[in-house]
Amino acid sequence: MPRPQAVLRVIGSDRAGLVADVANLLFRLGGNILHADDHIDFEAGLFFQRVEFTLQGELTPSDRERIGAQIGQTCDQWKMRWDLRWHGAPRRVALLTSKHAHCTLDLLARHRAGELACEIPIVISNHPDLEEEVTRRGYKYVHEPMAKGEKRDQEQRLQRRLEEEKIDLVVLARYMQILSTDFVAPWKERILNIHHSFLPAFAGAEPYKQAYRRGVKLIGATSHFVTADLDEGPIVWQDVTRVSHSDSVDDLVRKCRDLERVVLANAVRCFIEDRIIAYGNKTVVFD
Amino acid sequence: MPRPQAVLRVIGSDRAGLVADVANLLFRLGGNILHADDHIDFEAGLFFQRVEFTLQGELTPSDRERIGAQIGQTCDQWKMRWDLRWHGAPRRVALLTSKHAHCTLDLLARHRAGELACEIPIVISNHPDLEEEVTRRGYKYVHEPMAKGEKRDQEQRLQRRLEEEKIDLVVLARYMQILSTDFVAPWKERILNIHHSFLPAFAGAEPYKQAYRRGVKLIGATSHFVTADLDEGPIVWQDVTRVSHSDSVDDLVRKCRDLERVVLANAVRCFIEDRIIAYGNKTVVFD
Amino acid sequence: MPRPQAVLRVIGSDRAGLVADVANLLFRLGGNILHADDHIDFEAGLFFQRVEFTLQGELTPSDRERIGAQIGQTCDQWKMRWDLRWHGAPRRVALLTSKHAHCTLDLLARHRAGELACEIPIVISNHPDLEEEVTRRGYKYVHEPMAKGEKRDQEQRLQRRLEEEKIDLVVLARYMQILSTDFVAPWKERILNIHHSFLPAFAGAEPYKQAYRRGVKLIGATSHFVTADLDEGPIVWQDVTRVSHSDSVDDLVRKCRDLERVVLANAVRCFIEDRIIAYGNKTVVFD
Amino acid sequence: MPRPQAVLRVIGSDRAGLVADVANLLFRLGGNILHADDHIDFEAGLFFQRVEFTLQGELTPSDRERIGAQIGQTCDQWKMRWDLRWHGAPRRVALLTSKHAHCTLDLLARHRAGELACEIPIVISNHPDLEEEVTRRGYKYVHEPMAKGEKRDQEQRLQRRLEEEKIDLVVLARYMQILSTDFVAPWKERILNIHHSFLPAFAGAEPYKQAYRRGVKLIGATSHFVTADLDEGPIVWQDVTRVSHSDSVDDLVRKCRDLERVVLANAVRCFIEDRIIAYGNKTVVFD
């Protein structure tokens, strides 16, 4: 299966003729559509499309610029939001972590195995614990401690690091800190979080213990974009597994860890492959 | 696999020696243990056991009484709550329904197919709609309408019907009415309800529309015992299925219906086979 | 969500420009694309597309004919296989059954509940057992017994019935008979079967007993198109459920029945909504 | 939840009185049963029990010996096969691997995270590739290459290594070599393998490509004990995940890797916690 040279995502409210116009444009550009997904949210009156395509020959940067401009013109005509990504410019991903290793090490292992087509230039933690584990795998580890009352300062240091590294996506791999609204604002739809999910939901401390006490028969994990509203941003990926009364609190924790790894890895994969379109408080995930 | 002649369920706080005592007693009675399940909730300090056993020969009613008394004596000694059910006295189950046919007809179909070892002497609805469907399958249908402001009267009529029919278990097969605390009280751990479950949970009206708007990736169904706290009683069975942005609200409804059928049927089956032990706000389900 | 007026499915080997051509044609016809799915099988060098669209105004039969001709011309130019279905001409489905009621009654219940947008003009069985169950639900039941040695005759009578009723799809709802190659040939990709699936697979008699003896931890069900090669046709839908050593052979049977209902219903739904494209020995299911 | 001091597993054909006898014995020994599971295979006429228990006070080695002797006497009386494991003597596990890192590294990560209560004194491979990855995590890596025609020699070297390390369990973490019958024989029910599972099953080379060509809708993984009959030993754990036509061969491989990790880890965990009883060609897994 040939790799796409480019991925175009569009979102707009008018669609009569739009599909044809995009298809025609790509045809005129000599493009070959490898895969196209579309979706209409009739309630919201919105149309979504994701197109993977190749173009003939080697493209110079100015070719790419020219093609981008033409696509932009067509999309602007239809008043569509659009985003064009060229293959060969992998997303730069930062992992924010704490002491819980499982999600961080799993993402690094998948990255090394070639499963995640991105760069991971930095792993940042408010604890020193995982330094050795991360660095000996060949990744850069930065310890940004958070003393009491200096959350604001620490977040400013984080922000600077992320800018220096030209980060596209921040992954909260069990970061365990609530990010301030100020920090989150400029990273709209670019911070992914992972958290456990239970039916019913349990607010407050020690959710595993609460779930155990309530005798839930299923536990889950949800990965979502971070918004000012904690744990309430657009959902990207979810999964569950079956549990019973014979599972101890430790068993719930272990099973949830297994879910969290897979759910977060899928959310990251979808992001870096440009499979997600977020709008309102929800997502379209073309997978 | 031989059918058990009796099922004994015990719940207690002291267990050293208890397992041996119950085993010895059954041995002395000539009992043959077909299956035993136990569980300890260390947090609550409680021990649970469910034993299926057979006894030799035909038992007269007075044999059964004598055996029950001996078991009761042993259990009382250990200050255990206990429950002994003899095979051949199937539970009597009433279905309460409204206009939504799917759970009711599914339970009747399973009953006719021999999958549910109970009696279903009555189906009660606050609407006349399902009468023909139910009666032509050979079941009794009673219409107990609820005029405005007469909920209390209607519930008293319901209660009378349930008593007349010597009902052991009330199944709310999409009954769509909130039962009053007064009605629920005497039916503790004997009313099963089914409702949809979403991650996150959606309170209020039109949950499917809310779930659609939130872009959930999983939908579920939960069957639980009814308590005064609506939809918050001990959970008996749960299941989920995967959905995506391409599922319309109607698709969510359809997928949820499929889940509800199977989840409610499993909860009913576990009840009538004496597999559930409820305590606090949770259950042990030996399945 | 508006219902599509038409569904177009195409399959072809050349695709450069094809997507644009189909989109342009629908645009010129005044069509509004509600949903489009495409897929490329790079190994086979094949392109697949399914488009749901509406057209403005009321269409007369001659309008439809004209539009069909134009679409056909475009598709023929690209040497594509194509199929155009107008809404309002529901598929006619025949159920073939034996004595096992669960799949047949489930499909009828879903049909009555409005879940399956087709007609079911006839239920045919080689046994009389389900006649009452089927007819009192308002469906036509025909008993076509199969005496020893007269399989050929019986199949000819079946074939005549199916032709008389202008059947589009034959559903083997636990029919339990092997259809002859002669019977199957003219119904290519138009007979759906359901059967249990185990890991590993068990050939021969009493598969549930074999699965029990092998201690499998999962059981499944598969719905597929029937080909001359028994149980080996293109797969349309599959699902599994978890089992353990504590499940008896009867439990396996019961759990498999629950799977079979849902799996077969999904396969039928996908067929009548024109979601399946079969090729070689596999399917694309746009769901 | 207190950790059990000992786990007793028994398997026998006679059970009347046996449950009581074991319970009585443990009671007389001052034992406190934390958890007991039993199962009867009525077809095979076999009874299985697994009991986790604690004893009061600190036990000297001679206490343990005496207690073991008493349990053995009781079990022998009932002609039962039995196995008693004391906590504090963790199983010694060897990983056999090749170049495929994912299962090996996942098991090591879980071991380091405290999820697997065993020792892993050695990782052996017929390739040098994973040496760095394994050793820098602090595990011993031994390269035992297999030149053409010297399988017998290599297996003898393996056997010696396993003996030297006093190995209890051999885990084939994608070892990719078929072990000879001679090698396997002394390791009955002590070698765990992991392999992909498809519905239907695909024999021969390139199973992922075969599964893709057949358009399967589910893929799975199975962990089983190794017997002389390749991939046909008693099943310990299985799981599946849903796939569609839009999954490429690479996607199938990736999804299968995710399954394999979790399935193999669960099988290993069940082994080292003495949760498995194998008999005939199947297992009872008390989990």
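Labels A, B, C and D are assigned to the chains in the order they are written; within every chain, residues are numbered from 1.
We take it that a contact is a pair of C-beta atoms (placed from the backbone, for glycine too) under 8 Å apart; a residue touches a chain by one contact, two chains touch by 3 or more.
On a predicted model such as this, the values are computed, not experimentally measured, just so you know.
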>> For the two copies chain D and chain C, is the contact made of the same residues on each side, with over half of the numbers shared, or of different residues?
In response: same
> When B-C is set beside B-D, which has more C-beta pairs in contact?
Replying inline: B-D
> Matching A-C on over half of contact pairs, by residue number: which of A-B, A-D or B-D?
Replying inline: B-D
> Which whole number of Å gives the spacing of the CA centres of chain B and chain D?
Replying inline: 37
> How many angstrom between the C-alpha centroids of chain D and chain C?
Replying inline: 42
> At which residue positions does chain A touch at least two other chains?
Replying inline: 1, 35, 39, 42, 246, 248
> Inside the complex, what are the residues of chain D that reach chain B?
Replying inline: 1-2, 15-17, 19-20, 23-24, 26-27, 32-40, 42, 242
> Hey, which residues of chain C end up touching chain B in the complex?
Replying inline: 1, 35, 101-102, 105-106, 109, 113, 115, 136, 246, 248-250, 254, 258, 262
>> Can you tell me which positions in chain B touch chain A when the two form their complex?
In response: 39, 41-43, 197-201, 212-218, 220, 222, 232, 234-240, 244-246, 248, 280-285
